[in-house]
Each structure stands twice: as C-alpha cells, then as structure tokens.
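Order as written gives the chain letters A, B, C and D; numbering starts at 1 within each chain.
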Amino acid sequence: MTATESASPALAAAMIVPLAAPLAAAALVGAAGWRRATGYASVLAAAATLVSGAVLASEVGDGALTAAGPLLRADALAAVMTIVIGAVATLATWGSIGYLGAELAHGHTTTARARTYGILVNLFLATMALAVLANNLGVVWVAIEGTTIATAFLVGHRNTPAAIEATWKYVIICSVGIALAFLGTVVLYFASVDAAAGMTDTASGLDIDTLVAVAPHLDPDVTRLAVVLLLLGYGTKAGLAPFHTWLADAHSQAPAPVSALMSGVLLAVAFTTLLRVKVVSDAALGTGYLRTGLLVLGLATLVVAALLLVGQRDYKRMLAYSSLEHMGLLAVAAAAGTELAMAALLLHVLAHGLGKAVLFLSAGQLQLAHGSTAIADARGVLARGPLLGGLFAAGLVALLGLPPFALFASEVGIARGAADAGLAWALGAALLLVLVAFAALTRHSVDLLLGPAGDGPRLALRPATAAPLVVGVAASLVLGLYAGPLGDVLTTAGGLLS
Amino acid sequence: MTSETYANLLHFAGGLLLLCTVGVVWRHQLGASVRLLAVQGAALAAIPLISGIYHEKAHLLAIAPVVLVLRAAVLPYLISRMVPPTARPPGGWTASAAPATPAAQADAGAPDGPTATRPGPAADVLAGSREPVPLISTSVTLLLSAALTVLAYALCRPIIALDPTADTRTAPAALAVIFIGLLALTTRRQAVSQVVGFLTLDNGIVALAFLLTSGVPLVVELGASLDLLLVVLVVAALTNRMRAAFGGTDIGELQELKE
Amino acid sequence: MSAAHLPALLGGLTLAACLGAAAVPRRALPGVAGAGTALVGAAGVACGVAALDRGIEPIELAGALPLAGLRLAADATSGLFLVLIGAVAVAAGIYTAGYAGRGHGSARTPLVLLPVFVAAMLAVPLAASVTTFLFFWELMALASLALVLAEQRRPAVREAGLAYAVMTHLGFVAVLVGLVVFAAAAGAEEFGGLGEAAAGLSPATRTAVFLCTVIGFGSKAGLVPLHAWLPRAHPEAPSQVSALMSAGMVNLGIYGVVRVDLDLLGPGPRWWGLALLAAGAATAVYGVLQAAVATDLKRLLAYSTSENMGLVCVALGVAALLRATAGNDEPTAAGAAAVVALTAAFVHLFGHAAFKCLGFLAAGSVLAATGRRDLDALGGLARRMPTTTTAFGIAALGACGLPLGCGFIGEWLLVQSLVHALPAGGTLVALVLPLTVGVVALTAGLGVAAMVKAFGVGFLARPRSEEAERAVEGGPAMAAGMGLAALACGVLAVAPAVLSPALGRVLPELPAVTGQGAGAVPAPDLDTVLRLPGTSGAMSPGLLAVGVAVGIVVALAATHWRARRRPAPLRDAPLWACGGAAPTARMQYTATSFAEPLQRVFDGILRPEVEFAVTPYPQSSYLVERASYRSRLRDVVESVFYRPVLRAISAAAAVVRRAHQGSIHAYLAYGALGLVVALLVAM
Amino acid sequence: MSGGTEVYAAQAADGFSASGAAGAVLQVAAVVAGAPLVIGWMRQVRARLEGRAGAGWLQPWRDLRKLFAKQDVIPRGTTRVFTTAPLVLAATSLLIAAIVPVVTTASPLDEMGDLFAVVGLLLVGTVALTLAGLDTGTAFGGMGASREVTIAALVEPTILVAGLALSVPAGSSNLGAIVESAVADPGAVATPAAALAFIALIVVVLAETGRLPVDNPSTHLELTMVHEAMVLEYTGARLALVEWASAIRLTVLLALLANLFVPWGIADAGSGVAGLLVGLVAVAAKVCVLATLLAAGEVFLAKLRLFRVPELLAGSFLIGLLAVTASYFLPSPS
C-alpha cells in the first residue's frame, strides 16, 4: 500500500478546481443569464476540470493526495475520472451552446429556463467532481444524491408531460436506490467503526484509506449486508438492474447535452464508487463475493438492455439502452477485477463517454430538426445531411466497439482481463448479449442513417455545432490508436483497484 | 438513566417509529399519512436524544433538535402543502375509519349520478388528497409489512451478533421501517403518498444510523439532510408541474414512456 | 530497404492513398483510388515476398493500441497470404480505376476506404499478437462493411450490410473469446508465446479455443451454417469489392484456422480434423448446390466462394486428421498424404483467388455494361463484350475444377491425398475418406453445372434483355485488371511450379501438419510433372494443356478431310431447331430452366417454394387459359438455423418489453424484489 | 496393408520406353480407326437381335465420310464456342486415347494425367458440347445441355469413388500402374471389391457415353434426347467430329474397363512388336465382347425417365463406396 500524503498547493488547486470552476461558472450564469459568453465560460470550466484531471494524473503516481483538510482525496482512479468528467463535460457544454441557441430560436425554451439550465449543468458537474474526489464515502454519497437533485430539473427541462413523467420516475427511483446505498454506507460504517476500534479515530471511519486499512478486519456478515446494499444502491445510479428502469426515460427526455453527461459520466461516476466498495469488499470478503454480485447484475443488465434494444423505435432511448448495455459490460469487467480488466474498464468509461457525447449531441440535432425522436420520423439521415449523418455513424461505430476507436481497445482489454480471471463463460455470455445489442443497434441505425433522402428536412450543421462532435470523434479515434501516457495512468489506476 | 430504562425508551421509540410506519401504509387519507409522518419524525428525533443522554454524547444531543425540526416539522409541512384540502373536515382517526360504503364506491371507480355531486373519497382521489384503490389490497399490504418486519429481524442478526447492545437490538425496527417505506413506495399511487413512503424509508435509514453508529459523521449528516430537503423541494415542485400538466397527481397514470 | 521497413511502407502508402483519394478532384478520384489500392496491394506482395524469403522480424510499437501495444511480424505462412491478398488487390485496384470511372461505386467514401480495406487485410497476416490480430481483423470487417454499404440507397444492400455486420460480429466474438482464452491460459499475448505454451494447456482449454476459433474463422470463410452473410454481402458490394472480399478476405478465415488451430494450437486430436472435414464437406456441397441453382451471377459466384472455402477446409481437415493418425516416429504414408492435403489447401487457395477475382471483375464488367446481374436477363454478351466473355470463360473453367483450369490442381492434390491416405489411415480414415471423395466429386460435378450455366446462359446465345443487347465493353483499365487476373489463372493452371518455392518455405513452418523429426515430410515438388512425396501419383497440367492443344490441331486438320468437296460454309443461317419456326430469344433456356433438373433432384435439400397454378377456360377444364409457375429458392440453412434463434430472441424481447410498460410501481417493485432476493442470498 | 516404406519404394519409376511410345501411337491409331467400327458393330448386333438386317458394321464410317463432304452451317447468333466445341471434344478424346492403357501400359503420356485427370478431360469434352448446345440459343440445345450437365454432375461421385477403389490396391491413381498391378496380381480381379467397382464403372461408362438406360443414342424424339439435343444444330465436318469423338470415348472407356479387370495380353514397357500386336488383338477382342454384351443388354432395356437417372447414379455411387470399403476391410490375398 502506498502512502497517502497531503497535496502541494498546486496539486491541491488541481483538486479544488474541478469543484470550484463549475461553481464559478454556475454563479456567472446565474448572474448574467445564459448567453454565448457564459456558455463558453462553462466550457472553460469543464476544460479546466479536464486540465486538472490531467495534472493530477501526471502527478499522483500510484499514491494518493489529500486536500482541503481530509475532505478531498485524489488517486489515479480519481484523476482518470476527473479527466472523464472534464472531457465529456467539455463536449457537452460546448454542444449546449448550439443546442440551447437552437431551442431558444425555435421557441422551445425561455431565457429563464435556459438560465436554470446553465446553473444546473454546472452544479451537476461540480457534484460529480465531488463524488469522484471526496475522501469520505458518506460525502461521496451526498454528492451522488446531489447529482440527482441537480439533474432533476435538467431532465424536466422541456417541461412536457413526458419530461415531467421521466423526471418523477428518475427522482423517485434514483432516490430510493441511492437511499439503499446510504443504508449500506451506514452498515459499512458500523462495521468499520467496530473493526477500527482502537486503530484510528472513528470520525474517519468512512474515509477511503481507513476503510481499505481496516477492510481485512471487518466483520464479514455485516460487511456482506453492507456490500449488497451498496451494490444495489450505487448500481441504481449506474443503471444496473434491477433499478435500471429510470435510465431510458430520463436519458430520452433530457436535453441532448444533459443526456450525454448523464450517460457518459454520471453512470460511470456511480460505477466508480462501486469500484471503491469493491476494493474494501475484496479485502474483507474475498474477491468471489462481489464478483458474483457484479456478474449477476451485469449479465441481468445486459439481458434487459439487449432485449429492449431489439424492438426499440426511439433513437434517444436506443442510445440510453446502449448505455445500459455498456454498464453491464463494465460490471462484468469489474467482476473480472484484474489490473488489465480494471484499466480497460476505465478506458471503456472514457471512450464510452466520448462516443455517447457525440451520439447524444448528434441525436439532439436530429431531434431539433424533426421534432421527434422516433426512428421512423428520421430516415435517410446520411443522404440529407452527410456531415451530421457521418458524425452519427462515426460515433456509432465507436460505440459498437469497432476499431480504430477506443472502445475496441477497451473491450478487447476487458475480454482479456475476464479470460485471465477465469471468467470465460461469463465473458462469452456477455459478448453474446452484446452481439444481440450490436445487431439491434445496427438494425436501427441502418434504418435511421441509410436509405434515400425522402422528403425529410435537410440537415445542415453549423461549424460551431459540428466542432464538438468532430473533436469527440477525433479524440475517440486517437485514443483507440494511441493512448500515450494515459495508458500508464490507466494501468496504475487498474493496479489500485485489482 | 439506567441501562434498562435506556433500553426501554429506545425500544419504545423504535416501536413508535414502526407503528407510525404501519399506519402510513394502512391509511389512505393523505392528510393522515402526513401527520403520521410528523409523529414518525418525532419518534426518530427521540432516538439521538435518548442515546445522547445515556451515552452522554453532546453531538447527539445537538443533532436531536435538528432532526426534530427537519423531520417532524419542516418536511411534513412541505408535504402537507402538496396535499389539497379534503372535501370533508379532516377527522383524524375517526373520520378516516369511514364505513365501507364510500370505499366501495371508490372501488367502483368514478361514481356516477347523484353520488358524484356529493363530496366524498372519490372526489378526494381526483383532487389528490386521498389514495385511490391501492395496487395491492390493504390487508395484503399489512401482511407483507409483517413479513418484511420478520425479514428485517433476520437480516439484523449479524449486526446484533457483532455488537449486542440495546441500540443494535432496536435496529431491526429501523430496518423494518425502511422495508415498509419501500413497500409504500411500490404500492402507492398518489404523488404525495410516494413522497411519504420515501421519507419513511429515509427516516428508517437515519434511525438505523443513529442506532448503529450514533450517527454518521457530521458533514455527512448535514449533507444528507440538505439532500433530503432538496429532494422534497424538487418533488414538491414536480408535483405542482404534474398537476398543471396532467390535472392530477396519480402516478399510476404516468405510463407514456415505456420500453 | 530492409524487410522490416516494408510494413511501414505499406502503412505509409495506405495513408497516402487514403488522403490522396480524399483530396483529389472528383474527376481524378477513380484513378487515384484505384492506383492507390493497387500500390498498397503491391506493397503487400513485396512484404509477402520478403516474408517468404527470410521472414520479417517482429516490430513492436508499445504506445500504439492502448493497453496492449502493436506487434507485427511475418513468417513464410504470413508471406504466402500476403502475396495472395496483395496480388488480388493489385488486379482489383487497376480494375477500380476503370470501373469507378464508369460511375459504379464512385462515391468518395467507399473509394477512400478501399485502400484501408486492402491494408487491413494485409495487416491481418502481419499481426503477431492477439490484440493486434483482433484489431486488424475487425478493422478489415468494418472497412468491408462500409464498402458493402457503398450503394446503400438500395434496400437489398442495406439488408445485406446488416446481415454482414451481425454475422461478422458473431464471428469476431467467437474469435475474440477463443483467442483471449488461449492467451489467458498461455499467459502470453504474442503468437510466439502462445505457440510455446500451447502444448501445456489442458485438453478442455484447447478444445474450447479450437471450437471458438473455428467458428469465428469459419464464419469469415463462409463455412456452413455461418455462411449466410456471404451470398448476401458479396453480391451487393461494388464488384471490385466483391472480388477483394471473395478472393481476398475469405482466405483470411483459412489463414486464421491455419495460424491458430494448426500452427499455434499445435497438433490436435483426430476429431479436430474430422470436425474441419465435416464442416468443409457440408459447406462445399451446400455452397455448390446453391451456386448450381442460383440465377444471380454475383450470388452464384459468392456461393461458389463458399464452396471452394469448403474444399480448402476439407483439405485442412484431411491434413489434420492424417497427421493425427501418422505419428512422428517414421515417415508414413498418412504423413505424406497429410502434406499433400495441406499443399492442396494452399494451391487451391491460390487457384480460387485467381479465378474468383477474375470472375467477380468480369461480372462487374457485365454489371457496368448492362446494369443486370440476373442471368435470366443476360445472354449474348460474347459478341458485344469479347474481352469480358473470355475473362469470365477462363474464370469459369477455373471454377469448374477441370483440367486446363486453375482450380483443377488443388482438387487433384486433394483427391490424391485421399487416395494415398486410405491404406494407411486406420478404420476411421477408411470410413471417412471415401465419403469425402464422394463429396469432393459431387462438388466438382455440380460446380461444372453451375459454371456452365453462368457462362453458357449469361454470355452465350442471344441476349434476353435490351440492356444485354446494348452492352459495351468497359475501358482499358478494367480490361487490364481482368487481364492480370486472367494471367494469374493461366499461370496457375499450367505451371503450378511457381508456387513450389513458396510452399517449400511454408510447409516446414507448420510441423503440426507436416510432422517433426523423423516423421517430417518434405513439401511436394510441383514441377512440370507433379510428383508427390511418398506417393506415386503424377500429373502434368502443363503437358495436358499441350496435349489438348495438339489434339485441337489434329482435329482441325481432320476437318480438312474431303474439304475440297464441300461448299463454302453457310454462315448466319437460320436455326434449325428441329424445324421449329425462328425461335425468339425468349424461347431460350434460362438459368432457372437450366438448373431445374438439379433443383428437382435436390429438392429435399433446397426445398424450393413452388407455386403452380393453371387457369382453365370456363368452358372446359381441359382448355388452359393461362398457367403460372413460380419457384423461389431461399437459403435453407437460414430458415433452419437462424429463424429459430431470431424467433427466440424476439420472444424474449417481447417478454422484457412487457415488463417495461412505464409503471413506476412495477419498476420499484422490481427493485424491491431484487433487494429482498439479494439480501436473502447474501445472508 | 502396405507399410509406409513400401509406398516410398513404389514411387513411379516410369521412364521413357520406345515400346511404350510405339504402343501409344498404335493405340491412338487403332482407336481412331476402330471407334466407328465399334459403334457399327453394336448397332449390327442390336439389329440382329431385334430381327433386323442392320446396315452393316462399316456404316458409321460411311456416315462419317459423307458428313465430311457436307457443307458446314453456322447458325445465326452463335459464337466461336459453337465452332470450337467439336474440336475440343475431339482433342480431349484423342488425348484420352493416348493416355489410357489400351494396347500398352507404358504409354509415355501416362504421367501426363492419371485416372482423375482423364475423368477431368472427359468432362472438359462434355462441357464443350453443353456450351455449344447453349450457344445455339434453341430450347432443345438448352434442354440437352441442362440434362447432360445434370447427369455429368451426378455421375462424378461414382467415378471418383470407383477410381478410388481401383487406385487404392494399386497404390497409385495412374492408369498404367493400376493395370500393371492387375497384371501382376490376377487374383485381385476376383475379389468382391473389384466386382463391385466393375459394376459401378459400367454405370459410369453408360452415363458418360450416353447409352441406355441413361440416354438413348438412337432416339429421334426430341423431348427424350440428351446428347443428341445438344448437337442438333451441327452438320458437316463438325457433326462428323462430334460423332467420331463420341465413338472414341465409348471405345476407350470400354477398352479401359476391359483392361482394368481383365488385363491379359496388354503390352508393357518391355514388349516388342509382337507384344504390341498381341496387345492390340487382345484389346480388340475384349472390346468386341464388351460391345456385344452392351448391345445385347440394350435390347432389353428402356430409357429411364430423366428423374429416375439420379436413382441409378446414387445406386452406383453406393456400390462404388462399398467397393472402397470392401477393398479396405476385405483385402485381397496378396
């Protein structure tokens, strides 16, 4: 175990910026309303998060740093997740400018709601950063519940009956699920306090380092209870069955950039928390316990996602269920738990975030143009808008895990990791389900993208709107071919988790 | 305070908590549910108070009023504002223990003819102040609650085994509250009822936290309370929007988004 | 330039071709893309020659391909496939310049992707680690998918693309699982490490790896029942892409089997050979049967691809089976026959690549000229398009597997290996091999029927449609592409000796088939007269050609007997047709009618859907007013193997959809139930 | 069972032999000259058995002579395939006549092609003719081609399996070697394997040469024609070539059949002039006997319906398969 040390001021700043920058941007939007300038300020805040993540990643090595007292803690995992948040958020906020501009122009929204949107998106980013960087599992919980609150009105942004319905389901199901996580946290705290009696002061019984340190001494029976609750609880927010049911509704109703953030980052942030739990669980109960749980939930999620994709008629819901599918795959990867599998898992998270951002932002453009998210209403996209269609297609290819995009590298890594862990059967089952999802996604995308132009609207894409999409595709492509130093960081983070 | 008194008081608080919870799933009148929630909040606040006095822990004594204000006053108040006034004077236990006839009418769906003009449970349902026909009949709900209580006791065995004190022995009651809250969420159709169910669940968790570990760290406790408050505010706002959009708050009607 | 630079050259050329095609004005696009593709192919051939000569030492790029690193290397086996695919790409590339220039598949994206596809195919045999291999394997699939979808405005293309995408991904999943399990068990990722560790793996692991990889590679090679994508996708692609896929890409399925299952995984038990043999035999017969009754020219060629890959697989299976029988203590007849069978596989790969490339290019030429692929609408092209007709004739002769054609030698070698294995192989071999001979023979016979139909109905006699009547030959580039392929056909048909040096390098690299130590058997010498190691069969394709030529001269001389007593020949006479009045073009036998007897003979397998309706006059039931006959052939394997799976998935999807009808109470109940179950289990 | 080393020893050691070369020339000449006579003989036998006088066994020669003097007609719409096909058919037939051991087992062309190559050459001739049939663009041409190809495709398994049955005991698929091994081991002819192979091969010969019950060479009813339907448009020298080549194929196959099972008298590498003459006489006699038997048999046979032919071929395939397995499980006494 490597030491946790207090961060130098510069690094402490790198840990605080991901929280502070979006908060500042939120304040700015609150003060000045949503306009291009404040929009770009949000982009800047997100980019600052990305840079902070990169700085942390390059400096943290295989140790951990704390800042703001014992409140914040960054290790390689947190650094990678900060990068994920920053990267996807940059694309999403960038895409928001064009998206909200078009919505305002079409009269789909008001300036007041646009302002709320701007504030909430930035708060959302801040809560996610907190969830990743917090030192205390309780605070992580608070932050993740905070994401639900921040996104509630984002999901309901359009204020249509469907949006309200989606928001209600989202808030209730996620709150219930996350409440279970709180229950699990309490039980774990109980076990930790008991095990740590005499070792450290009880106030930090939920700190990550403390938990890892006392993990071997935790009472197995109580820990089992806690881990099940935490798995189901954070699994809810990560979109794992059986509490997966909010996901498609929320993703399909939220504005496209928010869908991108939720799908690309929020799920992953919740999942990362499960990885933290896994480290504790593995030390306390052996690797087999949570592995079984993750496999069951992962495969169940894959089944649900793949089969719901089969008859899907709505392209945003299709993308949502694809996220579900990827979360299922992540669960299988986490079950494997080798260093390679974990590194691949994190790469998968990043690549999926980028790909999903591109897809949801393109889907947003389609929705704006057609006023509907039904596949039947938007056929022959490629013929009507080669750029938009091409970017959607590229995003889809990236999402399907085909080379040369990054998800290919991560999926192969996950497969290798799973095979190394002796989970070949689970891998085979998972991949067959992924195949069903692949078939369904391809079928629907062929319907959506290909074919003659028909009489639908022309789909022109303004350069400013296209830019984040192009950047996203390019980033995914580059990551798929060459990860550079990021590869080492991923491996380090994988090492911490395995 | 002797340890015996302490244990008795603690058990009493836990029992009250559980009792209120059962009441919540029993009653169909939303106003009554909200009042039961307030009582539940008070019973919950009693736990840190008793525990703080017995263990002489200042931070528990400090937190008890906070819990009391939030859970017995603020949240019930916020929720009660979501409930439109009932057509009849709020009658507490007696009024809601109404004869079977109106309930049967409610069962039959929208009343026709002369009964429609007479204010009654059906009108309350439409207005959103009364729970419509439950998805699972009340008696089955109560039986399920009993089963869940048994399950809670079974699940708490390892906890009690690890640290056999009066606190942990009360934990099953808190866990049962959690389960029953979940049951209420699953079976209740009015928006307000779901919120009540959710708060019940949350109360159970907080109670468990106090019982097991004398509360979570302060920062977490504050954060969680803030979250809860915000969630209730969000839900309240949503309920208003829902009423505006759908003309009602029957969650069972929200089935546009599927598959 | 050393051999190690060649892969870099390959990559550089690909990039240049790609960027060039993306940047140049539309007018120059076909030329640039075609030339670029041909150059990439040529670089591939160069790589292959270098690999055959001395091998290419491993090249590692640790930073590339996240979490794994890129690793390239080539031995002679890789070299063989590099040469094969590179050469096909050269011909197809040259052809593209003309074909796309005539407005076929001339959209920019497909033409930009063409060099990428070729490069990805070439990179597959160069890959030397699991991840690298999978990367290029899937890149190849993706590029070819994009190319298949080039004419996506037609619904048939979209359907084909979809089927292709799903099937190829299924194959990929199988290969992926097989290889990662192999790698995990071996504890290594590089092929070298896999090979070393293979012998120590448990039989269960080896079996799992074998089955997974054979399924995966088999689907790429079009083995039944995983062939379903092939006869859909190959015909719908632009023709140069069809040629690249059918003559190039499918070979990589065979490469996979050779590399992973025969080379790395090492000699296996006898049933491996039997499994390959059975899969190959089923494929060969089924493929050729479908080809024999197909009426779509490109579909016919696609099924023929499936058939030929089946034959190659039979050869590999025979080789594996015989090797497992032979042992390594001394040279045995079975061991010698195994080498002959392996040689047959490689020789047939080359022959098939040559004639299939030519066939698809010629079919593309027809398509470009007439816009039709339906044999029933073609005919009479021999007069209007002599070059194309000659090209297709050469291709068809090769595909028939008859002497003088380039498909004959492979089949002959295969039969020889069967003949010479029989006495030495034990009871199992004695039971299996005669049946295999029957299968090979039936395949050859039906192949003849299919190709006679394709050539005779498609190109000879009189045109059956206006389009066919107006057909004109394509430009010089197309002719050059076809000429190159035809040249290859000719050389392989009469002088297989050109393959001898390459095989001499490759076979010793595969001791899992050719034997080790005392049991090692040298590669056969494909001289003017083919003599086989350890057996006494001999045949000389070159001399046979000479013999036939001499025979024709003699026959021609014989026709001069009493020639002076004859009047001058009567040209352009009306047809006699047993005295019938001038038969119209509609009265000709069509492809459908030509294949009807075979369809009836094999209707138990083909299960045609036949509707026959006679409408009599109301006055009498014996006076026929009109009769309609409709017969439709579907791919039976699809309805037997695929429909039930699809139905099961749909049914399951319906169940899950019913569970997600939007009720939040149901959703919460799922969660609550899940929680209770999880808690109970956790206790 | 022969061991591995023996197989190596059995490597064909054929060199060039003057006697073989002379024999090859002799047998080509004999077949070319004799093939029409065989046809004539069979027709004569048949006529006599049916109670007719017959045209005499020289009649085919007279027909050929007449045809060679007739005007060539090249129908409208046909291509070079139509004019070349008879040449290809004739060329392959001649080549087969040179390769197959008819008079001698030591033909220098033996290495040029083995049993399977010969079968392939036969098929090349058939294919040339079917293409010509299709090229005419008449319904009959197409019909004949379609049927011919169907039969050719279905007979293929029988040929190869029967060939396998013959090659396995000899250790080689080269016809010279097979016949030599039969000479060396006359007892092998009497095995069940050989008998089964013989039956299978007879069916093959009937199918390949278009004899009853597969096809009726003397039919004049278009709808029942197979071979004749393809060549309907031919006349003059080309028709003569087609007829001649068909006769050569029949003769060679009969001779081969005879020599495979009753190789007595055939010349080998060491034979002198006398030996070659003995071989010639012997093969003439054997072909004569076989032709007589065949013709006699045809008197009692009707043509099978086209769709019953596959049954016949499937049966012969089964017999061939049995021959192979018998040759494995019931090895000859040697």
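The rule is short, and it goes like this: contacts are C-beta pairs under 8 Å (C-beta built on N, C-alpha and C of every residue); 3 or more make two chains touch, one makes a residue touch a chain.
Being a predicted model, the structure only gives us computed values, none of them experimental.
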Interface ranked first by C-beta contact pairs: C-D
Separation of subunit A from subunit C, taking each centre as the mean of its C-alpha atoms, in whole Å: 43
Chain centre separation in whole Å, for subunit B relative to subunit A (CA means): 32
Distance between chain centroids, defined by C-alpha means - subunit B, subunit C (Å): 69
Whole-Å gap separating subunit A and subunit D, where each centre is the average of the chain's CA atoms: 76
Per-residue overlap in subunit B, given as positions that touch at least 2 other chains: 155, 158, 182, 185, 251, 254, 256-257, 259
Two or more partner chains touched - positions in subunit A: 165, 168-169, 172, 176, 224-225, 308, 311
Every chain pair in contact, whichever chains are involved: A-B, A-C, B-C, C-D
Subunit A contact footprint on subunit C (complex, rising order): 63-68, 130-131, 134-136, 138-139, 141-142, 149, 152-153, 155, 158, 161-162, 165-166, 169-170, 173, 176-177, 180-181, 183-185, 189, 208, 649-650, 652-657, 660, 662, 664, 667-668, 670-671, 673-675, 678-679, 682-683
Subunit D residues touching subunit C - in the complex, by the definition given at the top: 1-2, 4-5, 7-8, 10-12, 65, 68-81, 86-88, 90-95, 98-99, 109, 111-114, 116-117, 120-121, 123-124, 127, 130-131, 133-143, 145-147, 149-150, 152-161, 164, 167-168, 171-174, 177, 222, 232-233, 236-238, 241, 306-307, 310, 317, 320-321, 324-325, 328-329
Contact set on subunit C toward subunit B in their complex: 657, 660-665, 668-669, 672, 675-676, 679-680, 683
Touching residues (chain side subunit C, partner subunit D) in the complex: 292, 330-336, 379-380, 382-383, 400-404, 408, 412, 415-416, 418-420, 422-424, 430-431, 433-435, 437-442, 444-446, 448-449, 452-453, 455-457, 460-462, 529, 531, 534-540, 543-544, 547-552, 554-556, 558-559, 561-563, 565-578, 580, 583, 585, 587-589, 593-598, 600-601
Touching residues on subunit B, where the partner in the complex is subunit A: 155, 157-159, 161-163, 178, 182, 185, 191, 194, 198, 201-202, 205, 208-209, 212-213, 216-217, 219-220, 223-224, 226-227, 230-231, 234-235, 237-238, 241-242, 245-246, 251, 254, 256-257, 259
